[in-house]
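Submitted below is the structure of interest, expressed as structure tokens.
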Amino acid sequence: MSGQGEGMRDTVTDEGYMTADGRKIGGVAMEMRNITLRFGGVVAIKDISFDIRWGEIRAIIGPNGAGKSSMLNVISGFYHPQEGEVIYKGYKRPAMRPYQVAQQGIARTFQNIALFEGMSVLDNIMTGRLHHMKANMFQQAIWWGRAAREEAENRAQVEKIIDFLEIQHIRKTPVSRLPYGLKKRVELARALAAEPAILLLDEPMAGMNVEEKEDMCRFILDVNDEFGTTTVLIEHDMGVVMDLSDRVVVMDYGKKIGDGTPDEVRNNQEVINAYLGVAHD
Amino acid sequence: MPDTLLFALEASLNGLTAGVMYALVALGFVLIFKASGIFNFAQGVLALFAALTLVGFQSGQIPFSHLINATLGTRLHHFGWNMPTVLAIPATVLVMIGLAILVERFILKHLINQEPIILFMATIGLAYFLEGFGDIMWGAEVKALDVGLPKGMSMAVDDATFNWFGYGFYIDRLEIWAAGIAAVLVAVLTVFSQYTKQGRALRAVADDHQAALSVGISLRFIWVLTWSIAGIVALVAGIMWGSKSGVQFSLSLIALKALPVLILGGFTSIPGAIVGGLIIGVGEKLFDFFMNPIIGGATENWFAYMLALVFLLFRPQGLFGERIIERV
Amino acid sequence: MLYREAGDFKTSYVADSQTFPIKFDRYGYYVLLGFAFLVMPLIINDYWANSIVVPFLIYAIAALGLNILIGYCGQLSLGTGGFMAVGAYASYKMMTAFPELNIIFVIIIAGMVTACVGVLFGLPSLRIKGFYLAVATLAAQFFLIWLFTRTAWFYNYSPTGMISAPTREVFGVPVTGPRASAVSMYMICLCFLVASAWLARNLTRGSMGRKWMAIRDMDIAAEIIGVNPLIAKLTAFAVSSFLVGISGALLFAVYLGAAEAGEAFGIDKSFLVLFMVIIGGLGSIFGAFAGAAFLIVGPVLLKLLLVNSLGWPTDLAAHLEIMIVGALIIVFLIVEPHGIAALWRTIKEKLRLWPFPY
């Protein structure tokens, strides 16, 4: 292990590495191996491999249509790649439905907010805890014992997250009445309520103003800090990505063109070409 | 040729004409769905209402006479004259256009931007309203409708099939006419939508509401237009069915079968509506023909829906629909 | 000033998530329950029981059931009449096959049978949505009615094709058959309604209800955050059909006494209950009650007005009734798509501020 002294990053080993700000990153949580995803004739993702480590903030960036959201959808089990495999916690993940993936501790937010508009903020966040609630239908029907107890316990957990994200005042408001920025925050709350092992954020700052972005950045860092949640995020705002993330995957036209620390990626010629364009002559 | 096969063939030919009927009602559905995204449950009742109005005009009935008699104690029934069919049909068309304007003015305008399911339920409400309204306006008794279409067994078909197979098929001439008129109607509609300005506007709206609005097409006008056309299609369907089995409430129930037709054909495809209608018409006759000895009769009541259900399980997007790709 | 929540502090999450968080509501509810159980049995007579109260209680159960399916889980069904028929025929077969079985159990088991049939016809909902599902449930409606009218076993080979309820007793008091009194009919329906409402409320307040609502609001997102759509949809079908089946069994055994599938449980019943749910308010327990009350009491009042006071012929009044119901549906959808329940909520919000609106 070398390089710690100068505040440089460790070489990434199997056991993990140390970040610039001194956080210890663990071993491999999830590994994508040679993922290829096609829609009919269109290749959305072409032979991409990378890994996600316990405790790190991992960003996926790339121009529009690069296949970032498709990648996230592969991780959350919504799309099933034609080739390649997903290794999670050391085992190859079999083809499973999205809800099974969620039950394995992978929670996410969506690019276009996907809250349940007909429910209150509290109920929305409570849906994040569904797989922590085990009471069966009959226990719930008579609302006795386990069902009532579980409801109160999980409510207490949810209230912690409500406090953490500072949304106490809108607890009982119907989600449909909230402004955009708050909706994004409620969505994060719902994902956090699941106490996920890996948190997927699909453009968490899209369409926000500077102040809201700063708030969101703080929340993402705090979440990582407080709960040690492994976070994978897609984001367009370069400044945000470089500040937030420990390692970055760069995609372009469905291919991986770069992978490494923000500094490494910034200096990668291919990445520069993809973002700034290159004269084809 | 073995007899069973001949009988089955005859049954399926009879089914074809019922299928034309279903297809006509389904056509009205498709027109409205394409133009406004509304699943118009009232299409069947529209056909009933059109037929009732036509009979009313023809026989010179006084509208609401029943109601007027009940409130004022009078004994009104008829004006005392009969309107010739050539006048009665245009008059009914005018009524259907008026109805389209009222529907737009009092229902659609207020429900813009509501979820499809709300609009769907509103058309169920409209169906109930029109049913009650039609009954109050023209009376609820079964009425005979005669617009001068030929009836009775078609000798030509009988002779021809007798010469070919040695067994004469029984086909009603009315049904041959019905098929012919339906074909003409579809042709006219196609020409209208391809070659006229309104038709192009209609297709533009069907394609993309927002974009159509932004190039200056009036959505409200288009809605009145489509509901008028749907009303006219309903009138044709009403005439066919009314000539065959009288104008009565069961007409609107038969029109419910247009729903499975749509499932087979897809909600936005005119050829789909026609093919779907024919499949259901023939299918239910054949199913009844073969299954009647085994499970009993009256399977027409549910065959169409069951067929649609089974079909949906394998191809949720319909025969001609495109595959749905879900996105987040 | 009377109606407010200020000063009514909650100190636990349990207290905060109770059914009637406002004191005034809670006491109102107790008073209503007391009235229904203690006072009504003393004052109810045959006319009131037969024309309004008993049908209201029975249809309220059906509306509760359908509201769970449509209002909470977002699955449109037009097969309610067919499922009510399942409840009715199941109770009939049970009553005739096991005469000594208590009628309460007969009705509950009839509900369970209906739940199984409901799950069976709910299976397509895994593949199809919205209008498509509505058409698929029409298959249930027409097929079930056909089955019950065509298969003699279901009506015990009776020559009329009708089923008729034999006399059955609860605590020695006949509740079905010709000897049942208005009070006993009222009481058994009331008990089933209160139990159904309690059940529905419990199921919709907890994780089950949230799963249903998540599927209703955005099914894809629901699945990605961990809701198993298979289980959520099928439980909604099961619970909904259970309640609808109970209401069908009560309608046949207690209220009608004799029935024929096509006539008593036709497609018009499906629409009637659907209208109750829409007018009352989708996704609201209170709405099911309000909608049932509206569509049971409304026509009776209309008939009283038109036929008895103005002397109109009954058929004309019936047509006007259809017309008015249709118009009301449209008006409600335009003015308040969430029905009477939402109107009621608005009134309560206003009351909270009254008499100082700022």
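Should a chain be cited, it is by its letter among A, B and C, assigned in written order, with residues numbered from 1 in that chain.
Definition applied: a residue touches a chain if its C-beta (ideal position, glycine included) is under 8 Å from a C-beta of that chain, and two chains touch if they have at least 3 such contacts.
Chain identities (UniProt): B, C = Branched-chain amino acid ABC transporter permease.
This is a predicted model, so every value here is computed, not measured.
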{"item": "Chain ID, smallest distance between chain and overall C-alpha centroids", "value": "C"}
{"item": "From subunit A, the most remote chain by mean C-alpha position", "value": "B"}
{"item": "Between subunit C and subunit A, distance of the C-alpha-averaged centres to the nearest whole Å", "value": "43"}
{"item": "Averaged-CA centre spacing for the pair subunit B and subunit A, given as whole angstrom", "value": "52"}
{"item": "Centre-to-centre distance between subunit C and subunit B (centres being mean Cα positions), rounded to whole Å", "value": "33"}
{"item": "Two or more partner chains touched - positions in subunit B", "value": "328"}
{"item": "Residues of subunit C touching at least two other chains", "value": "220-221, 224"}
{"item": "For subunit A, residues contacting two or more additional chains", "value": "78, 110, 114"}
{"item": "Parts of subunit C lying in touch with subunit A, wherever the complex brings them together", "value": "12-14, 16-17, 199, 202-203, 205-208, 210-211, 213-214, 216-218, 220-229, 235, 239, 283"}
{"item": "Subunit A to subunit C touching residues, read off their complex", "value": "76-78, 97-99, 101-103, 107-108, 110, 114-119, 123, 126-131, 133, 135, 137, 140-143, 147-148, 150-152, 155-156, 159, 190-191, 194"}
{"item": "Subunit C-touching residues of subunit B, taken from the complex the two chains share", "value": "39, 66-67, 70-71, 106-107, 110-111, 114, 116-118, 120-122, 124-133, 135-136, 140, 253, 256, 259-260, 262-263, 267, 295-296, 298-299, 301-302, 305-306, 308-309, 312-313, 316, 326, 328"}
{"item": "For the subunit C and subunit B complex, residues of the former touching the latter", "value": "76, 124, 127-128, 130-132, 134-136, 138-139, 141-143, 145-146, 150, 220-221, 224, 267, 271, 274, 278, 310-313, 315-316, 319-330, 333-334, 337"}
